[in-house]
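Look at the two complexes coming up: chain A is in both, with chain B in one and chain C in the other.
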Partner chain A sequence: MRRIINRKPDRHLSLFLALLPFMLLLVAYVVSSEIRLAENPGDKLLPGLEKFSAAIDRLAFQADKRTGNYLLWSDTLASLRRLAGGVLASTVIGALCGVSIGLIPLVRAGLSPLVAVVSMTPPLAILPILFIVFGLGELSKVVLIIIGIAPFLIRDVALRVQELPSEQLIKAQTLGANSWQLALRVVLPQIWPRLIDSVRLSLGPAWLFLIAAEAVASQSGLGYRIFLLRRYLAMDSILPYVAWITLMAYLFDYALRRMQIKLFPWFANERGH
Partner chain B sequence: MRQLTRIITTFLIAALFTVAVSAPAFAAEKKRFKLAWSIYVGWMPWGWASDQGIVKKWADKYNIEIEVVQFNDYIESINQYTVGAFDAVTATNMDTLAIPSAGGVDTTALIVGDFSNGNDAIILKNKTSLADIKGQPVNLVELSVSHYLLVRGLETIGLNERDVQVINTSDADMVAAYSTSDVTALVTWNPLVAEILAIPGANKVFDSSDIPGEIIDLTVVNSKTLTDNPAFGKALAGAWYETMQIMSSDSAAGKAARAAMGEASGTDLQGYENQLDATKMFFAAKDGVALATSSELPKTMDMVRGFLFEHGLLGDGAATADVVGIAFPDGQILGDKANVKFRFDTKYMQLAAEQKL
Partner chain C sequence: MSTVSIKNVWKEYAGQVILEQLNLEVPEQSFVSIVGPSGCGKSTFLRMLLSQEKPSRGEILIDGQPLAEEPSAERGVVFQRYSVFPHLTVAQNAALGIEFERAPWLGKLFGQKKRQALEEAEHFLEAVGLVEARDKYPSALSGGMQQRLAIAQALIKKPQILLLDEPFGALDPGIRADMHELMLNLWQESKMTIFLVTHDLREAFLLGTRLITFDRLRQNAEEVGYYGATITYDVPLQASDPIKQQAEVFEAISGLAGPNIDSSKPSRRDDPVVNVTVVN
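So, the complex of A and B:
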């Protein structure tokens, strides 16, 4: 008998196996929803699928009665601004500090313990301090994302820099490179694709911090809307928002991966893609 | 292929299990009931009555069991009631209409416990008149009674919600938010009001005593459960009004009860009595009956449903505020007569008033 670890699914079976859990979740949802709706046609916990399309239509394609905004789009725009601000700033900080810490022993000795400690501090626990220091506006939300993911990026980049073969640095030095040139010509080009990897991994936490920040004090944003609607158990609007967030997060991840392959083909080859 | 079949079977079993678990139990005559309550001056009696065995005493009298569960999160308690995990819950008139009733769960106001008479307030930083609120950002828990209070307050000076900027702010962070420079105006409830007013420069410019009888605190019960099990309603009313009698008395026992309730809500006897001063408690059942049968109540509910409708909280299919019917004790119905989901019923309070429980 063939061992199970040697049985590889063909294309069709792979596709089927990939879709199966999703289909089962959908079936479980529809059946549970039917049962609850039979009991109470106004049930809000597991609304029927037609409710979702109505909610999506209302949120995405009709102007809100009070504000005149198309809620889904204005929320998405507000959230993406905060997310982009936080992630971009964190990436820059991660690259700068990470390379310095990884490459320069003096900087490493000075900053590494601090970054390690900061990265262990739960950002949500210091939320009240953030508000008092940075106010309740946009800044504090971006700062929460930065505090949440920048330490991770710094540490990861620093480790990647230290992983580079020391022969490379020695060779470059024998060819007359100074520290600045080493950083610019030897280290950074090899760090970029790895940085993309770490940003991909930190996108999940970035969304988490974004939504937490929006839940505390805001006027718009995906997290704001979800927490507001939660007050009224409006699952018909909440679930499409969750699906939308998931879809966007997945697309960002995909885009970053494509970008990595496109910009750094040598890295993808090395990895065997 | 057999492997695949097995995998599929496992998944199907898991799916069916999920369905079975999520199917609600069918209501009929039953013996065990659950009441959810959350911390608020007017609902503290439930926690105390449960601790003192008063709830158990009355449940035993009617040969049933009542489990009293405290929630840290008020909205979560109402949501849990709405999805059917609890038979009764403490809620305001506004939230009852917006969550269970608009969600199709026929709900009866069993006990009209009190109305907020100053417990909810609009606070301005370094300004002393409500008119100064114009153009300011206002921090509050959106869609809560604070939001309603703001709209009612603005109406009194001829403004509306568009004249301010509402910023949704979690109640847990309200006091910290007030200490930042971004926050110049907010609406919240006690004990946060007392805490914020203690900070120099904070001025109360409007509070719920300016709209008396509009923010009503209720103990509500699933109507079907109540119809099938009058014993549950009787036991709750009996336990509640016995507690009311003790806590309203000037005796040592009354003082001890108030002190215990104060402590349970994170303050002390003095702090709790200050909150009671800002609350019109209906210690006597007849006062609760009086509010429920007053001609003011339909007017209040009309304003409340208007607010909810304008903010889209009566459901997406709602073309007008009439979509959910509200029944009053005299048989009058506000809204859709075929879809009555919120009932004010004085039967049990009346029994308590007549000492017939």
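So, the complex of A and C:
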């Protein structure tokens, strides 16, 4: 009998083991749902699977009677616009500020303590201030995402820049680079793939802030819809929404990972060492 | 093509003396090998020549002029590791110095100018035998190829002084022998002044026109912080010196067993132990 640490699953077993927990969760849900429905056919807490398909059909494929919108899609569009705005702005801020802080000692001395303090402020505690300052419109939601994840991205990029071997910076100087060229040709190109990693890590928090902002004050969006449906205990709609959000978050993560491999082939090899 | 004068240079860190009383006159076209025990300040000395660090006392002059305050193009460098840029291909790495010079704003050339720069870089890649690998990333190169690239990259700026910080330390003996030959050829063609820090005595004898050892004269534990290392031996080397010929013989032996210059796979042989005694 080999030690368990030496037993590696082959491809089929890996797939099976990966799917197993999902299957078990599904079975557990269906069984619990059956038990509850047997006792009370009107139970709303764990609706049966057919209820889900009905709800999905209603939300995704039939126009809402009041607004004429297909709710799932209009909510998704509203949320994704906020998310994309917040994440893209944060990425740009993270790259610019992070590289400046990591590369230029004078900027680091000036900005690094500020960023460290700001990143400790709980973003949700600032949400009321954002509503007061930016109103209840789109801007305050985007700004919440930026405040939530930009400080993390800045600090992470700054650390990655400082991790670059000092030999590289010296070498570039002996090749005649000025600071600007060095940032443009040596530092930034090596930061992009690392920035993708940081963005992947901050997508979770970004969704959190988005849904929190939508739950508090919004007229549309996935977070708004979930919290609205909560009033009617509409689990048959909430659970598909949550699954849809999770699926999108997972796909973004996957897409970013593929993009990193595709755009920065040298990075994957470098990491393989 | 430059003389280097080191005048009473000291280096201290936080009150600890690392190097003291360094005095050295290096005529042009010298190849100075620097050896010494670990932690004796060899690399610190090289960093001072690079302007990566400043001497605490004393001064370093190149052709009678004080050293520039920061690293600059007239002093090239090859480190033991991290000397090439992992995100650029071999050709891009080699052409980088040209691009910095001709594209002050973007640091990047396009179109015709870019082709021209790559063409010029190609000559240097030829000199180090890397033309075939021009489109590869450094991670796909062996250790020896990466170092050859680092050398080509440095040479493209035509530095007057080339600083080598244990550049061949991580390479196995066969490849190291090839690198020695390459280095000597490049040095003879370019007439640079070269400083080589190494812990391989044989290499130091083989390559240098002059061998310098750094060591602490006082070894007592309680005196360590107060007295730094200094130059203990300064040995001129001529091609006819027996020690040099001996080193060449050893080199030939280790070279015989090794692959020739284009070895893309790192071999796994151990470095043969060679006993070379210094006679003063």
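To be clear about the criterion, the second predicted complex is superposed on the first by the 271 of 273 C-alpha atoms of A that agree within 3 Å, B and C clash if a C-alpha of one lies under 4 Å from a C-alpha of the other, contacts with A are read in each partner's own complex, and residues count from 1 in each chain.
Please note the rule applied: a residue touches a chain if its C-beta (ideal position, glycine included) is under 8 Å from a C-beta of that chain, and two chains touch if they have at least 3 such contacts.
Since the model is a prediction, treat every value here as computed from it, not as a measurement.
**Student:** Check chain A with both chain B and chain C modelled on it and let me know: fit or clash.
**Tutor:** Overlaying the two complexes on chain A (C-alpha atoms) leaves chain C and chain B fitting together cleanly.
**Student:** Who does A:Q190 touch here: chain B (first), chain C (second), both, or neither?
**Tutor:** Touch partner of A:Q190: chain C, not chain B.
**Student:** For A:S53, select first, second, both or neither according to whether it touches chain B, chain C, the two together, or no partner.
**Tutor:** neither
**Student:** By the touch definition at the top of the document, which applies to A:T246: first (chain B), second (chain C), both, or neither?
**Tutor:** neither
**Student:** So in the superposed three-chain picture, is A:L228 touching just chain B, just chain C, both, or none of them (first/second/both/neither)?
**Tutor:** first
**Student:** Examine A:A177 and indicate which partner it touches, taking first as chain B and second as chain C; both and neither are also allowed.
**Tutor:** After superposition on chain A, A:A177 lies in contact with chain C alone.
**Student:** After the superposition on chain A, what angle is formed at the C-alpha centre of chain A by the C-alpha centres of chain B and chain C, rounded to the nearest 10 degrees?
**Tutor:** So the C-alpha centres give an angle of 160 degrees.
**Student:** Kindly classify A:W266 by the partners it touches after superposition: chain B alone (first), chain C alone (second), both, or neither?
**Tutor:** Touch status of A:W266: second partner only.
**Student:** Figure out whether A:L20 sits in contact with chain B (first) or chain C (second), or with both, or with neither.
**Tutor:** first
**Student:** Of chain B and chain C, which one contacts the greater number of residues in chain A?
**Tutor:** B
**Student:** Could you say whether A:Q162 touches chain B, chain C, both of them, or neither, answering first, second, both or neither?
**Tutor:** neither
**Student:** For the overlay built on chain A, what is the smallest gap between any CA atom of chain B and any CA atom of chain C, in Å?
**Tutor:** 40
**Student:** Going by the contact rule set out above, which residues of chain C touch chain A in the complex?
**Tutor:** These residues of chain C touch chain A: 50, 52, 70-73, 75-77, 79, 81-88, 96-97, 99-101, 103-108, 137-140, 150, 153-154, 156-157, 159.
**Student:** State the interface residues of chain A toward chain C in the complex, per the touch definition above.
**Tutor:** 165, 167-168, 170-178, 180-182, 184-186, 189-190, 264-267, 269-270, 272-273
**Student:** Please give the residue numbers of chain A that touch chain B in the complex, ascending.
**Tutor:** Answer in residue numbers: 4, 7, 13, 17, 20-21, 24, 27-28, 31-32, 35-36, 39-46, 51, 54-55, 58, 65-66, 127-128, 131-132, 135-137, 215-219, 224, 227-228, 230-233, 236.
**Student:** In the complex, go through chain B and note every residue touching chain A.
**Tutor:** Chain B residues touching chain A: 3-4, 7-8, 11-12, 14-15, 18-19, 22-24, 26, 75, 79, 82-83, 98-99, 102-105, 139, 142-144, 161, 165-170, 173, 176-177, 179-183, 310-313, 315-317, 341.
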